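To keep things simple, chains are lettered A, B, C, D and E as they appear, and every chain counts its residues starting from 1.
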Amino acid sequence: MPATTPMLEVNNLYVHYGGICALHQVSLHVDPSEIIAVIGANGAGKSTLMKTIAAVKDFTSGSIQFMGMPLKKDPYKVVMDGITLVPEGRRIFAPLSVRENLLLGAYTRSDRQEVAQTMEEVLELFPRLRERLHQRGGTLSGGEQQMLAVGRALMSRPKLLMLDEPSLGLAPIIIDTMFEAITRLNQQMGLTILLVEQNASLALELCHRAYVLKTGHITMEGNGRELLEDERVRSSYLGITGG
Amino acid sequence: MSDSIFAMKNVSSEEISLKNLSVQFGGVRAVDNFSMTLYPGELVGLIGPNGAGKTTVFNLITNYIKPTSGEIFFMGKSLLGKSPDEICRMGISRTFQNIRLFPQMTAYENVELGLHNVPHYSLLEAFVRTPRARRAEAETRKRALELLEMVNLKDFAGERASSLPYGLQRRLELARAMATSPTLLLLDEPAAGMNEDECNELVKLIRQIHEHMKYTIIMIEHHMNVVMELCKNSRIYVLNLGSLLAVGSPKEIQTNPQVIKAYLGERKHARYNSNAGSQ
Amino acid sequence: MRRYRMSFYIKLPGLVLALILLASSLLTGCQQEKVLKIGYLAEQTGVEAYIGQATIPALEDRIAEVNSKGGIGGYQLKLIVYDTRSEVTDAVTVTKRMMEQDKVVAVIGPSWSAAGIPIAEIANTNKIPVVATTASNVNVTVNEAGQLNPYMFRVCFIDPYQGYALADFAYNKLGKRKVAFLTDIASPYTVGVHKFFKDHFVELGGEVVAEEGYQTGDTEFRAQLAKIKDSGADLLVAAAYTYKDAGLIGQQMEALGLKITVMGADGWFVDDLLAMAGPQLEGAYLTTGVSTESPEFADFNAAFEKKHGVKANIYTYYGLDALYAIEYAIDKAIKDTGSPDPTAIKNALENMKDVQLFTSKVTMEPDTHNPHNKPLLIVKITNSKWEIQETFQPQ
Amino acid sequence: MDLFLQQVVSGISIGAIYSLLAVGYALVYSVYNFTNWAFDAFMAFGAFMAFYAISSFFLPFWVAAIISILLAIGMAVSTEKLAYRSLRLRKAPRLFMMISAMGANLAIVNLLNLFFGGQFRRFPVENIGTFSMGQVSVGRMDVLAGIISFGVLGLLWVFLYRTKPGLGIRASSIDILTASLMGINNDAVAFIIFAVTGVLSSVAGIFYGIKYAVYPTMGIVTIKAMIASIVGGLGSLPAAVVGSMLLGILETLVAGYISSTYRDLFSFLFLVIILLFFPNGLMGKSSDEKL
Amino acid sequence: MGYLNAIIILGGINIIAALGVAIITGYTGLFTIGHAGFMALGGYACAILVTTFHVPFAIALIIGGLFAGLCSFIIGVPAFRSQLRGDYFAIATLGLSEAIRLILNTTYKVVGGAFGFMGMSNLTTVPVVVIAVILALFFAHMFVTSQYGKNCIAISQDEVAAQMMGVNLLRTKLIALFISAFYAGVAGGLMGFYMAYLSPSFFTITRSSDLLAAVVFGGIQSLIGPTITAFVLVAVPELLRVFSEWRLIVYGLLFVIIMLFRPQGLLGYVEMNFAFARRWWNAVFTPHQAKQGTIKGDQ
């Protein structure tokens, strides 16, 4: 997928927690309308990468450019610019209703009518949420919560949607629906998606390109299909050994 | 069910048995009618997709949460109503999915804590450090260093736990769990976040301590090669949405159609027999 | 702005150093010739801050006046003021500081008995006289065992007088028979007035129908007042230490529709009380050793308020009384012995006879160190003013 | 019965003021997880500002109240900026913020003492008297204070539950990190929360001043509100109101029927007993950790 | 130099009480704003023993401390059983402390009620306090480095993990609270015999929160830090007297400034055995260990 300027460009990123280096010279780029996956084991720094791009976590050195501009320092400004993160573990607001959760997603937008329209679109995408619109978020099942989290992120009309472990804790059938929805968003609406997944095979199948993150370093990158066939990836992330 | 494995054991000598355990959180059955029996010296795996209730089973055994119904027997004694620390002192020790070391204590102190969860001298002796107290402390120190050595952490004894690299923290947690001199060890994703080499090393380490210390071990793990390797002579329990889906030897599990469907993934078969998400 | 950015680690030692230098310059300030220091234990902060704030300017004015006339016996006076935060521990520490560091020859204060008791001990150890202003508990000058604290004096009367006089007045003059108490249980002063009132009132034949309590700092008395209303009392004794309590009691009585006579003691006697709850306390009685309404103080009051923007209250007067007494004693000591030695000052204080102080003539009782037969005024609040009803001369 | 009713009425009128303060504690606690010990200084500050607007500038009560509220907002917000903000950004433990708040409190109260003096002052509003219901007499000012207190709390409720910034604050109180991922500006939330704190403390201060008196240490009463918010359950606004009313009524009933001398003893006993049976307060969320 | 003595004595008393708070708050992680109550208990018990029963001062101090320690179980047992934590525990200790003060205020027999306890002599002298502080520091050091103390630290770092590692939470916390109250009680006894007078008004919430402040300033999990700050907090208001009326304002602002610039306290996590010096030495002169994580105040 040829693109003129990347939508998101990360260069030589270093991130530290206290004295520990969590991301080490990470460089990656995301072009418009791509689905990019970052795969890696637990603790490899995937979530840190997401948080850094969402400006929740500061980086030590390197640069992040979004639409050709340096990334803003405050999370809310980043959201306004069009990057929205669906955090790991969904983190919906359990005591608030589904509707309130969705409205929070549109916090940065002021036009009520447009917001209402987006909500309609989101409810179209996830009809289950419409049934539960006035229920408390905490009473939803895991899959519904994940739908809510994605729906909530879509409410901000993001240019770049980031998903942190969308398959976490979900039954396989729900994961399928989830990933189908993600694909649909990309194909029908041209939404750019950056996705972090531990379930490597799933992610690799879905994405256009992928990066492999290993203890804070990017060790491989390439086309999703290629990586799926790669022996090293297969052995360390897919658990498929020769024997 | 693989009857052959059960048939080898005498029922009366069971180490721990969970009987029809259920627990509910706000209407959701996190664990549903789960039963499991282990005999001394066994090493079994507990796998299942995230949210399947694996850690909840550990929490039930250590009575961090109380079951809605069902019973747990450890060496013939019921564990219900006992506090987590009593249960630990009875001989059940665990590690945690999200490492829970004492961050500001050194590696050595972390291990030491497990050794003196009940101090070895009286409070009065603590204030004046009688020779007996000093001897007890020296003994503890020796044991702690031995344990650190066993997990290859002796060189890091004086480092703050929080400043250790991730992999070493996992091993430190293992050493700390061993320090309470358990007979049953509950390992919650010991290989989480480790790369292949580290995993291999861990497999070696776990096998070594299992053989050497004669622990009974229940292990939750997502790294299939770790589980399959360590449990190759015993069995694996598969949990899904709180209830037992299957139990059997690694081979049986890998080929069990139900397991493949729920956990390893159905669509593209073989490709999905991996870690379907973690944490 | 740039200096502000200076690293904290540079600033902190600098600040500490400056503090130490400043402090040590104070600490080492050795006694200069021909200057006599007099200490004052002031409540500048805390709940009782109004006491110190109205007293310090008066003392300073007076000392300036004395100095401008050439001082006493060739000595200039200097006032050393330390804040006690209205806390006993602070009062004790600063008393030591005055006596041992600043080498004062006498100390004015404290105003409350809880501080007076430990301070008496310090005065005895250092052999420096202390003239308490309004610490009216018996044990301030005479300890529990009945022994005199040789270096502790006071210029106010003691609690038993007030309780006794009030009870006498209530029973005999007002014809009250059923009394209710509302007492600050954490204040020895109000507890003392309560006790002595009760003893004498019962002795006379009166009846106690309610004894309610509260704690220093409380502001809500309605529950207690409602109970008192229910008890059928015809008199309420509320000897509040801080006038705030009295004002609030007055306001809340009105809110509850409780209309019985209220009696208080000299803790009430601050003009701000009238501003706070004048109409509500209309007709209330209280005792005081001195009244700001007395015509002889009118000029002083007006001048004081004009100059300092603060109204003089009785604590001002008592503070001045103590200062006058000390001035007299210094003068006497110099005349008698040739030097303003603290022990000589103490002896002079002990033998005071009919000495004109700021408010009245005082004779000190050598065996109790209390002013002898200090008259006690019974004041009625009339039209939001203090109106002296009668003068009570204890026998 | 009349005595009982009288006590309950007094209890409610005290509870109303506790409620304002307790809600202030709860609001800060729910988002920042620390007890704002500087609250009593804000309260005294608000009362003093209104007092001086009336007595020195002869402004009408309502104007003075609004000025006081605005100044208290300024005070609360600048305290947040100076004393808490950098700690907050550093994610310092709440104990540190508590101590910082204690320091700010000490400084502000003593500034008031320095500038305005330690006298107790009657709040310069006309006494509008009492009315009687049967044998029970009720202060009109108390009723007014109660109405306005609950009016303010009602407005706060509308703000929190019916407006977008309110929704943002509720989201922040649940999960401040995720809230920022929704595009909620944490600094703006802090501004609003402390501004609301300023409003609550100022209103409470004015009514407390009217009901009792104005003086620098008047904020001592906030300890009762703190207890009320803890009894109710930290961080929950309705719980703070329930705890306050409960404490207010209980206090007067204990003073009226058991012993006025031991009133506080019973209040504290009640507090301890509640906590033993409800370790997270009556309506607090349990803080069970996930392993 | 009696005034300096006064500061040394009051500072020393404050140190002993602050060490008590350090054990429960700094090492075990339980906030308390009620230690003034334990000081009162110890102080009155000691005073009664000496004046009425003519018990030697040193022994009376210890018995007073033990009495305060035993009384701490009144709040400790129920509170720890129901797992009170954080502000909830703090407010419960405040409740106990205020209750103690109220009872003392209204009990006129024996303790003198609001009039205070009189008839004591001045037995707390500089040598007594210095010896007491040295002993207190020594025993506190012995305790926190003992297996009991380490269990306390573990609880403060991760209560759940400590319990799962077999530490009996109730027992360990009670021991810490007992020792902590013992220290406060001894401090109370010294205070009474310094003032030669005891009054319930000595033991207000201000005193409790000053002690907590000393521990937080001094640093969590440190004995030497609170020792220094406890002394400084007595001395600073005295030094600040040059500011006269501005004194408490400056004092309050200092709180804020210290928290902003050194939020981990002066010597947070610095142990008395000067392991920190060794670690620093290692960090500087042994290259492979130089990658130390920075100490964070957060836990």
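Please note the rule applied: a contact is a pair of C-beta atoms (placed from the backbone, for glycine too) under 8 Å apart; a residue touches a chain by one contact, two chains touch by 3 or more.
Just so it is clear, the model here is predicted, and its values are computed rather than measured.
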Contacts common to chain A and chain E (chain labels): B, D
From chain D, the most remote chain by mean C-alpha position: B
Maximum centroid distance from chain A, chain identifier (CA atoms): C
Chain C-chain E separation of Cα centroids, rounded to whole Å: 34
Separation of chain B from chain D, taking each centre as the mean of its C-alpha atoms, in whole Å: 48
Euclidean distance of C-alpha centroids - chain B vs chain C, Å: 72
Separation of chain A from chain D, taking each centre as the mean of its C-alpha atoms, in whole Å: 42
Chain A, residues touching no fewer than two other chains: 18-20
Junction residues of chain C - those touching two or more other chains: 44-45, 185, 213, 215
Where chain B touches two or more other chains at once, by residue number: 64, 96, 100, 162-163
Interface residues, chain C side, partner chain E - complex: 8, 12, 19-20, 22-23, 26-27, 44-45, 81-83, 85, 87-90, 92-93, 96-97, 99-101, 113-114, 117-118, 121, 125-126, 137, 139, 143-145, 185-188, 191-192, 213, 215-216
Chain E partner contacts - residues on chain D that touch it in the complex: 35, 82-83, 86-87, 90-93, 95-97, 99-100, 102-108, 110-111, 114, 223, 226-227, 230, 234, 261-262, 264-265, 268-269, 271-272, 275-277, 279-281, 287, 289, 291
Interfacial residue positions of chain D with respect to chain C in the complex: 3, 6-7, 10, 14, 110, 113, 117-122, 127, 130, 132, 137, 139, 142, 208, 211-213, 215-218, 220-221, 251-256, 259-261, 263-264
Chain A partner contacts - residues on chain D that touch it in the complex: 164, 167-168, 170-171, 174-175, 177-186
Footprint of chain B on chain A - complex, ascending: 18-20, 41-44, 88-89, 138-139, 141-142, 165, 167-172, 175-176, 197-202, 205, 214-215, 228, 235-241
